[in-house]
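Per-chain numbering from 1; labels A, B, C and D assigned in written order.
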Amino acid sequence: MLEKPFRGIIPPAITPMIDNDTLDVAGLERLLNRMVDGGVSGVFILGTTGEAQNLSYTLRKEVIRQACRIVGGRISVLVGITDTSFSESLSLAGIAADEGADALVSAPPYYYTPGQPELIQYYEHLANQLPLPLFLYNMPSHVKIMIEPHTVRTLSDHPNIAGLKDSSANGVYFRQVIYLMRDKPAFSLLVGPEEMMAEAVLMGAHGGVNGGANLFPELYVEMYRAAVEKDFERIAVLQPRIMQISMSLYTVGRYASSYIKGLKTTLNLLGVCSDFMAEPFHRFERAEREIIRKGLIDLGIEV
Amino acid sequence: MLEKPFRGIIPPAITPMIDNDTLDVAGLERLLNRMVDGGVSGVFILGTTGEAQNLSYTLRKEVIRQACRIVGGRISVLVGITDTSFSESLSLAGIAADEGADALVSAPPYYYTPGQPELIQYYEHLANQLPLPLFLYNMPSHVKIMIEPHTVRTLSDHPNIAGLKDSSANGVYFRQVIYLMRDKPAFSLLVGPEEMMAEAVLMGAHGGVNGGANLFPELYVEMYRAAVEKDFERIAVLQPRIMQISMSLYTVGRYASSYIKGLKTTLNLLGVCSDFMAEPFHRFERAEREIIRKGLIDLGIEV
Amino acid sequence: MLEKPFRGIIPPAITPMIDNDTLDVAGLERLLNRMVDGGVSGVFILGTTGEAQNLSYTLRKEVIRQACRIVGGRISVLVGITDTSFSESLSLAGIAADEGADALVSAPPYYYTPGQPELIQYYEHLANQLPLPLFLYNMPSHVKIMIEPHTVRTLSDHPNIAGLKDSSANGVYFRQVIYLMRDKPAFSLLVGPEEMMAEAVLMGAHGGVNGGANLFPELYVEMYRAAVEKDFERIAVLQPRIMQISMSLYTVGRYASSYIKGLKTTLNLLGVCSDFMAEPFHRFERAEREIIRKGLIDLGIEV
Amino acid sequence: MLEKPFRGIIPPAITPMIDNDTLDVAGLERLLNRMVDGGVSGVFILGTTGEAQNLSYTLRKEVIRQACRIVGGRISVLVGITDTSFSESLSLAGIAADEGADALVSAPPYYYTPGQPELIQYYEHLANQLPLPLFLYNMPSHVKIMIEPHTVRTLSDHPNIAGLKDSSANGVYFRQVIYLMRDKPAFSLLVGPEEMMAEAVLMGAHGGVNGGANLFPELYVEMYRAAVEKDFERIAVLQPRIMQISMSLYTVGRYASSYIKGLKTTLNLLGVCSDFMAEPFHRFERAEREIIRKGLIDLGIEV
């Protein structure tokens, strides 16, 4: 059973791959074990960072199975079921429940653009049929719409909707949601961008789903604790480090894929897993890899 | 074998459904037979109008099988394989080839946002492995990016890429593509929005993939011929009718789904098929249905 | 008095400048006289192409005065009064009337984003007080909103609103406006992008406000006449030339300013006027200038 | 002389008006005196909240003169000079200096869309000629572009550029700027949205330019101090009140103008000044006014 509200650092795991249809199982083991050792509360598989939409369903199901097996109950497993097809979301959810995952996460369907009333109806129908608690996932840069604050408030009345992961980077939005949810302390409010995690927790968020926790889980866990404890001395030390990671490792190359490519290249340089990427993306070539390596050295990390 | 360039009216078929996972086979038969009788050159199944992204893969494959069976070679069948997952696109393409379809259509992967060089690589990798010719599908309102004119030009060199369907409604874009492709007369240039079809054909396009041809296939075929023959008397009669259809039947309700809902409600009122819609959409209720009915009466159509 | 509907080619004149606050009067004379000699119906000064928003009011008023003096009634003068401040729009309109201009053109106020009802009220209040007929100017890329088709229809009832210039490049939009205005043949419908001018005129538009007519006015006048006469042999010759101009001269450099910079550099190379640009833009440097020169040579033009 | 970095609450003043061209001077006196009494550090006139772009230049200059006179040196006066015309910005700046203002604020030119290098050049040219220190103003919703973090860093080297006001609501952006400016403690970082002010100050911002401080200046000053002192008990009391103001007073009606209309209506209900608005906006009518009144009663404020 998931703690209510669910708290802490929940890394959105990258998906280590050997080729377009094959999971790098050994890499996934190293990745998840590092996270567990780093003190995270859970792991979110098949999210945006996990390239979920680019993976075949066979591979997505393999990710669920292997992740649940490796984690083995040591931390919570949240499974992304974001899909344009309601039926495919349900199918992924069924596997997740069978394999022992703890919760599900779904961004709005992202090809067509539903209106907010359509979105409410969609999430209610989905939550009605899901075997596990659902986290809403606000991700407007990828799905074209916001889950508006009043929509979150309405959906929070559903007994099977447990929280929100907000990756909008919009501080006003997150404040509005926190305000509207002030009488529902069990509803978990998680923030995506690691750059904003400390302040979000200081102001009432319950944790972070931060990509950098793939790389250095203990750093984000420490920052989370510093924020919970309002330890501004620690925050003042950790925030620049988090920013340095973000601004040196996630910004190589010109496209939106820089962030995931940066994570995978770094993990590969750290010896954790393969840096193969699913179509339409491709691993960094030598030049970009060298920039990442230099970024790591500047961070004082041996590679 | 597909004519080169492929020409004429190719309706993007709606997908008649009985429930979220069940095809309305009898409705699909009536729909496709009406199209064939109306003189269309082909049918495009599993496009945006077909709610493809909202359907399970099982249902998508059933649509391919049934459509190919019903059409039985009388017209060409183009199958939408647009997907965020390369592997799932290939899987749909395999079914399409097995069932005897004539060509494939794919918009860019639409969750992550690739850059143009990534997009070129993606389409080349895809076309390399496809068993049938591919049409590029420019659909920026849904996939967030344009397939830029120079990208189309580059991709047109691939022997397995046969044409472009442009649904951007951007007249400058389409003119640029026509200009860049002026030395490749076999590359098929098709326009999505029916409101622009006549002028596109007048200026060099090869046909239209027009939603209204679900409803009144012969009207769009007649307009296509009028444009090919530069018969401005006919165009002057037909264009206002096409506009009246567009502005009265596709604009009921407030959301982006108005267009598909309008098509399905109209087809239901015409006795062709069910108006059920896949999640996250839902059929029009009585009030909206009444507006559509009135729109049809204003068009002089008995329902 | 302006012909109703106003027809033909109306170049959106660039503003020749010597420095940020000084008009290149001799250059403006050469520019406008070329246009008159080229057979245009009017000239649109202080539009987007004229860098109007970047000019001081003193300079804008000088442009109005000098253009009206130079034109001297040989063609119509349309004056852009687009402004975020209602009072400043009125002030520019007053000067335009005093100097003998024929009509005014205004895009929506462009800092704040009005809703359509606010926009209707705004244009009605403005037209009530204007001393000359007003053309609406649809320019969503710069002002963030469309003047929606039904808004155009509503505003066309105002006795002082004479037409629409549409620079959206959206073919569906323009078809919708033409359809809604079908019972108002005196309302002038003009298209901005020269790439779409021929087809727009073929389908019912009254003319084009085309930037390229700064460079080669007779080419666009000839295309306009070919479209009016449905002379597809001429269109087939002229359209590729218009596209070559657009794709070689307006696309140098990476920013939105490429188009105006291209026009000004070309005019400078042709010996017409200075290529100085108002802040925040700056004239092309040698490398870009060389690309433009080569583009002109490819077009068979001696420079 | 402006403190370095400039700190505290600086309300972006609304502009009280009697009609489209006449300042409500008595209202402005009451408004500014309330602010001074409330403990603010400065006032920002002619910003977005001040409807600057909608005012004539004559009226803008009157606002500068009257505001400087009323304030009389009791607090700092920052003057918005945002304009599409470089020359008009300089002209406003000249008046501001003559009247004794302390600093200037400018968002990017907002009709054309400059690239970042063009923007750097623009701000450098501007700052070179300004008689007072300049604050950059990041306002992408209105001007269509961000002043990117590295652009801020580059511009901060200019001796006449003193700070940044960020109204993007993008928490990642603001964190990036704070990180890049960590070695320049004299560069003032101010946040626009009041909903984010506390957390921004907790994480290193120097103050807030918060619209609500027109209404209740002491509330925002108290929150600023609580954040500076990391007094989470006070923050926990004040943040919900700030959110209640934002969510009940700024969200009446459907358009982007709701926020300024809400501020003006509230100030009118509080007896401070006229609620007249410049074109294209118009004061709320009875129904919306009643909702605002009820919102104030819910806040425990007698009106």
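The definition used in the following text is that contacts are C-beta pairs under 8 Å (C-beta built on N, C-alpha and C of every residue); 3 or more make two chains touch, one makes a residue touch a chain.
What you see is a predicted model; the values in this text were computed from it and never measured.
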item: Remaining chains grouped by touching, chain B not included; value: one piece
item: Fraction-based call for chain C against chain B, same above half, different below; value: same
item: Longest centre-to-centre distance from chain B, chain (CA-based); value: D
item: Between chain D and chain B, distance of the C-alpha-averaged centres to the nearest whole Å; value: 49
item: Chain A and chain D, separation of their C-alpha mean positions in angstrom; value: 35
item: Numbers and ranges of chain A residues touching at least 2 other chains; value: none
item: Chain contact graph, described as a line, ring, star, complete graph or other shape; value: ring
item: Interchain contacts (touch definition) - all pairs; value: A-B, A-D, B-C, C-D
item: List of chain B residues in touch with chain A within their complex; value: 20-21, 48, 51, 53-59, 84-88, 91, 108-115, 118-119, 121-122, 125-126, 142-144, 254-257, 278-282
item: Contact set on chain B toward chain C in their complex; value: 169-176, 178-180, 182, 193, 195-196, 198-200, 202-203, 230, 232, 235, 239-240, 243-244, 246-247
